[in-house]
Amino acid sequence: MKSVPFLKPANLAKFIDRGIKKSGELLTPWDGSIVSGIGIVGIPLSKTSISHSGAHLAPETIRSMMHTLTTYQIGSGHDLWGESITDFGDVTMHVTDLAECQSRIKESAASLLKQCPHMTPVFLGGDHSISAGTIAAFSEAHGKVGIIQFDAHHDLRNLQDGGPSNGTPFRQLIENGFINGDQLVQIGIRDFANGKLYHDFASDNGVTVYTMDDVRKTGCITILEESVTRLRRSCDVLYVSLDMDVLDQAFAPGCPAIGPGGMNSDTLIEGMVWLAKHGNVKGLDIVEIDPTLDFRHMTSRLAAYILMQFYANYSKES
Amino acid sequence: MKSVPFLKPANLAKFIDRGIKKSGELLTPWDGSIVSGIGIVGIPLSKTSISHSGAHLAPETIRSMMHTLTTYQIGSGHDLWGESITDFGDVTMHVTDLAECQSRIKESAASLLKQCPHMTPVFLGGDHSISAGTIAAFSEAHGKVGIIQFDAHHDLRNLQDGGPSNGTPFRQLIENGFINGDQLVQIGIRDFANGKLYHDFASDNGVTVYTMDDVRKTGCITILEESVTRLRRSCDVLYVSLDMDVLDQAFAPGCPAIGPGGMNSDTLIEGMVWLAKHGNVKGLDIVEIDPTLDFRHMTSRLAAYILMQFYANYSKES
Amino acid sequence: MKSVPFLKPANLAKFIDRGIKKSGELLTPWDGSIVSGIGIVGIPLSKTSISHSGAHLAPETIRSMMHTLTTYQIGSGHDLWGESITDFGDVTMHVTDLAECQSRIKESAASLLKQCPHMTPVFLGGDHSISAGTIAAFSEAHGKVGIIQFDAHHDLRNLQDGGPSNGTPFRQLIENGFINGDQLVQIGIRDFANGKLYHDFASDNGVTVYTMDDVRKTGCITILEESVTRLRRSCDVLYVSLDMDVLDQAFAPGCPAIGPGGMNSDTLIEGMVWLAKHGNVKGLDIVEIDPTLDFRHMTSRLAAYILMQFYANYSKES
Amino acid sequence: MKSVPFLKPANLAKFIDRGIKKSGELLTPWDGSIVSGIGIVGIPLSKTSISHSGAHLAPETIRSMMHTLTTYQIGSGHDLWGESITDFGDVTMHVTDLAECQSRIKESAASLLKQCPHMTPVFLGGDHSISAGTIAAFSEAHGKVGIIQFDAHHDLRNLQDGGPSNGTPFRQLIENGFINGDQLVQIGIRDFANGKLYHDFASDNGVTVYTMDDVRKTGCITILEESVTRLRRSCDVLYVSLDMDVLDQAFAPGCPAIGPGGMNSDTLIEGMVWLAKHGNVKGLDIVEIDPTLDFRHMTSRLAAYILMQFYANYSKES
Amino acid sequence: MKSVPFLKPANLAKFIDRGIKKSGELLTPWDGSIVSGIGIVGIPLSKTSISHSGAHLAPETIRSMMHTLTTYQIGSGHDLWGESITDFGDVTMHVTDLAECQSRIKESAASLLKQCPHMTPVFLGGDHSISAGTIAAFSEAHGKVGIIQFDAHHDLRNLQDGGPSNGTPFRQLIENGFINGDQLVQIGIRDFANGKLYHDFASDNGVTVYTMDDVRKTGCITILEESVTRLRRSCDVLYVSLDMDVLDQAFAPGCPAIGPGGMNSDTLIEGMVWLAKHGNVKGLDIVEIDPTLDFRHMTSRLAAYILMQFYANYSKES
Amino acid sequence: MKSVPFLKPANLAKFIDRGIKKSGELLTPWDGSIVSGIGIVGIPLSKTSISHSGAHLAPETIRSMMHTLTTYQIGSGHDLWGESITDFGDVTMHVTDLAECQSRIKESAASLLKQCPHMTPVFLGGDHSISAGTIAAFSEAHGKVGIIQFDAHHDLRNLQDGGPSNGTPFRQLIENGFINGDQLVQIGIRDFANGKLYHDFASDNGVTVYTMDDVRKTGCITILEESVTRLRRSCDVLYVSLDMDVLDQAFAPGCPAIGPGGMNSDTLIEGMVWLAKHGNVKGLDIVEIDPTLDFRHMTSRLAAYILMQFYANYSKES
């Protein structure tokens, strides 16, 4: 076999520093074996969004932003260099049949959780509609699931007006019996971003709601401590659903529904690290980033950073 | 009359959720009746700006951003669904005669305040030059007016060098006798954003100046409490003039004169809510947003949010 | 009733020149009466696109670009000032049920053609999937329809792989029996933009295909003369389906599927004017403009210009 | 005096190639002497524009684009290396008094033409309003002036509705008696870009109008030959007013009023070269480029290129 | 081994249409065997550019644009579906040693041409500096090489002022004895884009120069016929060096040195197809595209299109 | 000598307010005399960057942003109006020889420090590679130098893999004996932004490392007090190297290596003011701003602001 000096396969002729490995390089395509620990699943669906959204491009973009992060968490001295993160790939979406898309999400997630029962999936949306499918599958696989939802919005809209969309996932889960309202904690709900009808639905169904005012007054860690303690009393496992629009527009300029009055990124990072360490979390999704609207992929960078902090600090038993 | 299924008038075939109403829908064109409470007036003037500015586009953009906000203030449980906010429309500007533009502003505002004496106008600029006209009209209608000005700049420049511009409104008001300097409180004045000559003018005329250093050390609410208490002792009514460039560039990327070292958005929102509740404010303007320079209309979104918080928390007697 | 000098309703305080009227002002919302002549119908659907598309925003954008054009066609001395163009509005789309969207298009178009049988609709897409519905309705209303399709692509893809999408409208029409292949003339088909399988489908079904090489060698007007003569021999009415991506990327930078090797804008304009004058065209659609990708709405401006040239030159009997 | 190796004054530490000189380097600030030949004058005014315009930035941008062009015209073998182009600088504008701006333009131009009577000025706008002042001064200095105007628009609007703006310069010149209509030839006037009232005004006043259809059918050079021959019979000198929006949007993406159906850049360049050689042109303006809207300063690049072709081909006696 | 329904490896869960294959899919990484026919080699070097350039990103971008083109050339009915195009990958560049980068290019190219002597390489730059290395290697491998250079610039600058850069490749080749000037034909050289010193160098060394004026008057195909006939008389093989900035800025907005007065894309495509069919071309490079400056990767799209037209029309013996 | 009313030299016909002077106007080109106090030196080098960088454009951009700042520091009442800041200009870079570029930096800096031994230079990069040269010269001129480095990264990479780049300056300084590790304090080092190998190198060489976690817990001022006290015990002078990417992406969107988890701008400004007052700093560099990637030059604005705060608060003996 011939070889040519300096020639490398297309797009791989990049500078390599012997002392640096990128988090993106830890991603290892699933080989079909039984995996435990954290694994990544992309769900590139955003046609289900109420407003125009390119959030289906986020799994690809978040992965590429993992290539801007190294493997070394200097604070703890923890180097992930030798580890590997299973990347299960992406769920294939149908071009025009969105109900089919949503049933594929649940079916894929269910199959995955069955085959790898000790694996902690991180689902990369996509819009928030994907959580209806992933949490339904999660509930069937793991029993009663407690949910910590970071979000500016309730996502409890009615299903009559627009069908199952990115405004309805938790309504679907409650109405279809996958969860009761008291299994759901919403953190970061914002003024002028929701309808009273849906706040009333939350109250009527026992959903716990912490507004941004609550976060500012009480502190995010205290809220998480309270919530996790309570949920763990009644639920079998915990799942975190992170809608990036919980963040203020200055910190997450690439969410479809940006706005002021939101959380800053340090608070969210600190909260996610706490959950990784103390939350006994068995599933996670990160949703609502539209890379076509972002500035220099800042929001996907932040998602990749949160993902790596979650991974590095993750403790299965807390 | 014929009808066709699914067909709606142009640009109105949008998704409607029965549980959501947008703040923008509260806007009701003035019907010529005597209105009280808060009303909106657009003043699309920016040719009076020293540097190139598209701030005349802000009234239109802020209104459209009100269509991204719902009517529900979750913190207080206050739903504005059934309310209406009178939109008086915009003052028509002359294409080439800027002095005419400025006299139209005063004339329109005066006529409005005369016809609706118990109405609290929110003037949407436009550049800061518009405040000279609105406050002059305000002073004639309501007596001695105390002014809280959020701004990075004094806006007390001389009138010889460039005529009445967005750098001169408060100089015009003092020199033309509409206010004395001690009726004016400036909050957020910034390093390297002003000339000493104009700070001296402020001092010589008894204007109260709080710099960003003061805001950081003393706290915005404390400054507001002091200022409002003092102004209410000597003035008949209060007027708030909010130049969005009081904010740091990270939070208001769409102001013509962006810069570092400014206020963060949480501090400003908190201050405006306090003023709405406790300030007995009878007039407000929001100025200096150039939508052509902004990123995803962030600055107009923030202005719309502040407007709605002000509206929702507004108490005529505090 | 009160009035205030210079104050106009929101967003209407624009400069008005007594000698200028904008084409956009000719648009008159449908009043439910029986209309003849050219009428506009927006079809804001693009979730049916194979690749991410914001083409649902085009009806709104094309209308706004009509406000950059005056009513006066100087070449002919024809001033449209006193005329009105009926704007039937937009067909409301479902958020998540795309099959429902497509059936709404056909149902709306059918109802419209039934109620206004002498009206010549101009359907503003949306992506090219909308033509399946409009032409089906057209065929049912008017009999055998001959189609002139300007396009870089066949849009004859199979329906198994992705369902009815923007790649399949003419396949759907042939397979569902609304047209035979020999009723369809495709102009502007481009190298490296199609699959041989679909060219073969075209040939097998008697579709007439003119490539860009043909256009360059033979000339667009000659091709149109041949095509119209032939189609009018066998068909009852003519319909023009204008996919803007028939244009070279330098002239239509806002199409989702831009590319080199296409038509220049002068050729297309000349062709559309010829068709308006000589084609006896009874229906038209303009599709595949994504305003979120465009530069200064150039492609929507061009669409608005073509629409006005078509309107001004339109002759029902040629 | 000390010196430091490799250190050059700020912003001048650029690569210098001994074989390349940039056209921008030919610009030589006026030293107050009596100059003949071509000289540059910037007129940074655009607040007189009907729509929002940053055209006041064009003089600075066109000059900087001259630094992207070398001095060598390869076709003719003509190297301008040793020549200098007098740059008279820019006329200072008032911030808020637009009538004052316009009178300054006339006054400056008049003073200049008086002091340098054999100089051929190239006025860089700014918007088209500047031509009212420059041509008025020109007329007073040089006698009866024939005007070749490249433009998509008549610019003959009435003065009542908006005062003297970028839509009115030729109306002002005719109404104020500086020219008769028969001294004006308009080339490139476009469909749907004008009002019939103003075309009628042109006709009534003897203005010669060539539409884009005329340009396409007759050819630009033939039109110029006819026009120059006729004008030179009755006028003392010729002046060319080049509104860059005569070009199609694909070639001049940075004009405020872009649109389709316009001239391509090769035709315009060829016409301007012909005028430089054969037109006996004594004055020129280039207007209506807004650098804030352009793509990579393409339109200013083209203006700089046309300016240099005009300079290199310029013959005072043809 | 486990499997999960709908799950595909990361970033591959795209829509697949059975009738469409993308040109990008034809790219096959080199397996080390002896290849003949056309093969691709990326040379991601642009630090050698005189002005700031991101042209090193072009190989990656052109390849990705090949994924927007199908395999079917409809004009000829030629479907490339079953073919494969060897992709040799990219030459690895040193971070800080640019002389090392340039010697790697020559060394890699030489090694490649030695191992695959019947292969026709298409080098994707990078800036134009890369041609010095590729043509030097080419000359050593194949004997006397005739060069057709499409370019706005001579690229014959001296080497003293800035070393071997993107302005010097053909100077290096002549001075280092790899070619004589009479082996070089330059087509598209533009006014105000070159220095007379370098045109003189061209003349003194027998380089044939066709300016854009020549192209407009004589026609590109005629120039190519003359040039190829003459070069084939005296040279062993032909090499085409395509600097994309030969195109007018309207057609190649992503070249670092854009400008007006250039070639349109149809002319270039037609010329490249002619050369593929009749030129007996044994090597090709495509250079000077900076994807960071482009609009929607138009210039890389065009490069990919030209590459595919060249491939599809390529005939080794003409 | 002639003069023309209102005419000013090119690009200088700007509005002038008698009460405002811009910081940029304080810049005075070096006249070759012996200067003391703060002076500016631009070092426009970024081809040495590992990833594509336009940081060589930052000196020009930071200077232009100084023209957006006035001379008046309102907090202290300190007006710099009458002062001048020596601008030594920029070091000329070689086009293709990067080792030559780096030796020029050291040579220029050394010559400058020799000729003006009491001058405190502020070097404006360029990328971080420039600090290797400036600090080496500094060390030779002033003796043992203590370094405060604000940075997200160690910049201690090995030199074998890519040569001396923007990842290696402090490694070069240590390995070449210009400093020992214990002379270096790194503040703001971030998770997932470095390799463990280089943190180990730091530890092994006695470099003091404060991570962002340390900054959040301990406070920046406390860290600076500790660091300066310790360094001043063992070192002759202090030098501050400010890599702007120490900031969070929300505050410095124009750094090549943006990311979340960084410092906010208030903390950095406060730290730099403290250092200016108390640090006895004799040299400063500001690096890693790429103006081509920034939003509205925010990052260069912030750099200019920090530079002016440093200048205004600067005390040579603390």
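Just so it is clear, A, B, C, D, E and F label the chains in written order, and each chain counts residues from 1 on its own.
Here is the rule we go by: a residue touches a chain if its C-beta (ideal position, glycine included) is under 8 Å from a C-beta of that chain, and two chains touch if they have at least 3 such contacts.
Note that the coordinates shown come from a computational prediction; the quantities given were computed from them, not determined experimentally.
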Shortest walk length in steps over touching chains, subunit D through to subunit E: 1
Given the pairs A-E, B-C or D-E, which one repeats the contacts seen at A-F for over half of the pairs? D-E
Count the C-beta contact pairs for C-D and for D-F, then tell me which is higher. D-F
Between subunit F and subunit E, distance of the C-alpha-averaged centres to the nearest whole Å: 41
Centroid distance [mean C-alpha coordinates] between subunit F and subunit C, Å: 57
Where subunit D touches two or more other chains at once, by residue number: 15, 50, 95, 161-162, 250, 295
If you connect every pair of chains that touch, what shape comes out? Choose line, ring, star, complete or other. other
Taking the top-of-page definition of touch, could you list the pairs of chains it picks out? A-B, A-C, A-E, A-F, B-C, B-D, B-F, C-D, C-E, D-E, D-F, E-F
Would you tell me which residues of subunit E are touching subunit A in their complex? 1-13, 15, 27, 29-34, 41-42, 44, 59-60, 63, 87-93, 95, 104, 107-108, 111-112, 115-116
Listed in rising order, the residues of subunit C that touch subunit D in the complex are 15-21, 23, 68-75, 77, 79, 81, 250-251, 265-266, 269, 295-296, 298, 301-302, 305, 308-309, 312
For a test of understanding, state which residues of subunit C touch subunit A in their complex under the given definition. 47-48, 50, 52, 54, 56-57, 94-99, 161-165, 292
Parts of subunit A lying in touch with subunit B, wherever the complex brings them together: 50, 157-158, 160-162, 167, 189-199, 209, 211-213, 216, 248-250, 253, 257-261, 293, 295
